[in-house]
Amino acid sequence: MYIGLVTGTVVATIKHEAFHGRKLLIVDQLDPDGEPTGAYDICVDVVQAGIGDRVLVMDEGNGARQILQRAVAPVRAVIVGIIDDVEF
Amino acid sequence: MYIGLVTGTVVATIKHEAFHGRKLLIVDQLDPDGEPTGAYDICVDVVQAGIGDRVLVMDEGNGARQILQRAVAPVRAVIVGIIDDVEF
Amino acid sequence: MYIGLVTGTVVATIKHEAFHGRKLLIVDQLDPDGEPTGAYDICVDVVQAGIGDRVLVMDEGNGARQILQRAVAPVRAVIVGIIDDVEF
Amino acid sequence: MYIGLVTGTVVATIKHEAFHGRKLLIVDQLDPDGEPTGAYDICVDVVQAGIGDRVLVMDEGNGARQILQRAVAPVRAVIVGIIDDVEF
Amino acid sequence: MYIGLVTGTVVATIKHEAFHGRKLLIVDQLDPDGEPTGAYDICVDVVQAGIGDRVLVMDEGNGARQILQRAVAPVRAVIVGIIDDVEF
């Protein structure tokens, strides 16, 4: 998993029903100090995250499907939770 | 998933029947601002995308097979949909 | 697997029960000489590692789930053990 | 999948029977313009590719096993086909 | 798979029984010309490789588990064989 920052949303024409009613968010990967690494994922949102939120991203398909509680879902990255704090 | 730009097609001699009748597209990965990252995938197309289209790419094998609705298909990257808009 | 250094903890609001009672640690990836590579993972801890510990990280979901002894757990990276020594 | 160039062969002492009689090829990853990206894979060959051939590489284990038509085969990358043409 | 060079061993306190009696080796990834790429893996050894050996590394969990002939083993990278020669 990694720490991400929600920066936008993607509107797309997708026929696969697993995406119906799901919001697709652009999430920039941050390093532990909060700086963007340059990597990003288009994530399915299950926690009602919004632009500007710092989130925890599960970036593995099998784990992502378990978060969605669906054995069959064509996803790779899912927002698992909202980050409250990072402590060093 | 990531945002991609269809830039070309690949013509190849492939014996595996899962590829018969499937178009193989070259998709450059874009960053959220629309600039190429340098990465790319050869993707199976299921949404009739064409050169110049901005698309959403599923880059995980198990998820890709679910888009194709086949349990057995030797694919890793599939074009999931056409991107209509990116909002920040 | 890779060698990591525990540098912090993440506090997040996560609804999925697989994370309840689990500590989420920030682990910087080290190269074999002990220098940070710039990569990191948010890891689930099962060995009571603490900040400053050098640890062995399993960075694959199926392997991580086996460490947790759960077939269903939305994780990708798990701290497998504490590193005692690296010999060249 | 990616476009690759076969540049060599690896001769190794391997006990696992899945590799018996299989040629192991060094395949440099090319970008869509035909330039090496610096990445490579040691690939199992199932299409009788030779040095200098441009090939299509499946770089995911589950997909690779399906190309080999074996549920159990310790492979990650397989040469899927010979590339005839790339069109932009 | 990739070509690696065994450069060291890791001694760690690991409770999971799948690691009992297994040697954990540090393997630097080499490019096809034999130069280090900067990447490495901590690998489980099943071929009695030693420091200085050039080896073939399977870097995918499902494939690695098949090399170990265990359906359940929390590993991602395994040394598959000793490299005898690389031919261009």
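Per-chain numbering from 1; labels A, B, C, D and E assigned in written order.
One rule holds in what follows: contacts are C-beta pairs under 8 Å (C-beta built on N, C-alpha and C of every residue); 3 or more make two chains touch, one makes a residue touch a chain.
As the structure is a prediction and not an experimental result, all values here were calculated from the model.
Peer 1: Chains touching chain C and chain D alike, please list them.
Peer 2: Chains that touch both chain C and chain D, as defined above, are E.
Peer 1: Once the Cα atoms of chain A and chain D are superposed, what angle does the rotation have, between 0 and 180 degrees and to the nearest 5?
Peer 2: Rotation angle between the two copies comes out at 145 degrees.
Peer 1: Using mean CA coordinates as chain centres, what's the gap between chain A and chain E in Å?
Peer 2: 32
Peer 1: Between chain D and chain E, tell me the centre distance in angstrom, where each centre is the average of that chain's C-alpha atoms.
Peer 2: Measuring from centre to centre gives 20 Å for this pair.
Peer 1: Provide the list of chain C residues touching at least two other chains, using ranges where the numbers run on.
Peer 2: Expected reply: 61-62.
Peer 1: Ring chains in order, chain C leading off, chain E next?
Peer 2: C, E, D, B, A
Peer 1: For a test of understanding, state which residues of chain B touch chain D in their complex under the given definition.
Peer 2: Checking each residue of chain B against chain D gives 7-16, 18-19, 24, 26, 28, 38, 40-43, 51, 61-62, 72-77.
Peer 1: Report the residues of chain A in contact with chain C in the complex, numbered from low to high.
Peer 2: Spelled out, the residues of chain A in touch with chain C are 1-3, 31-32, 47, 56, 58-64, 66-67, 78, 80-88.
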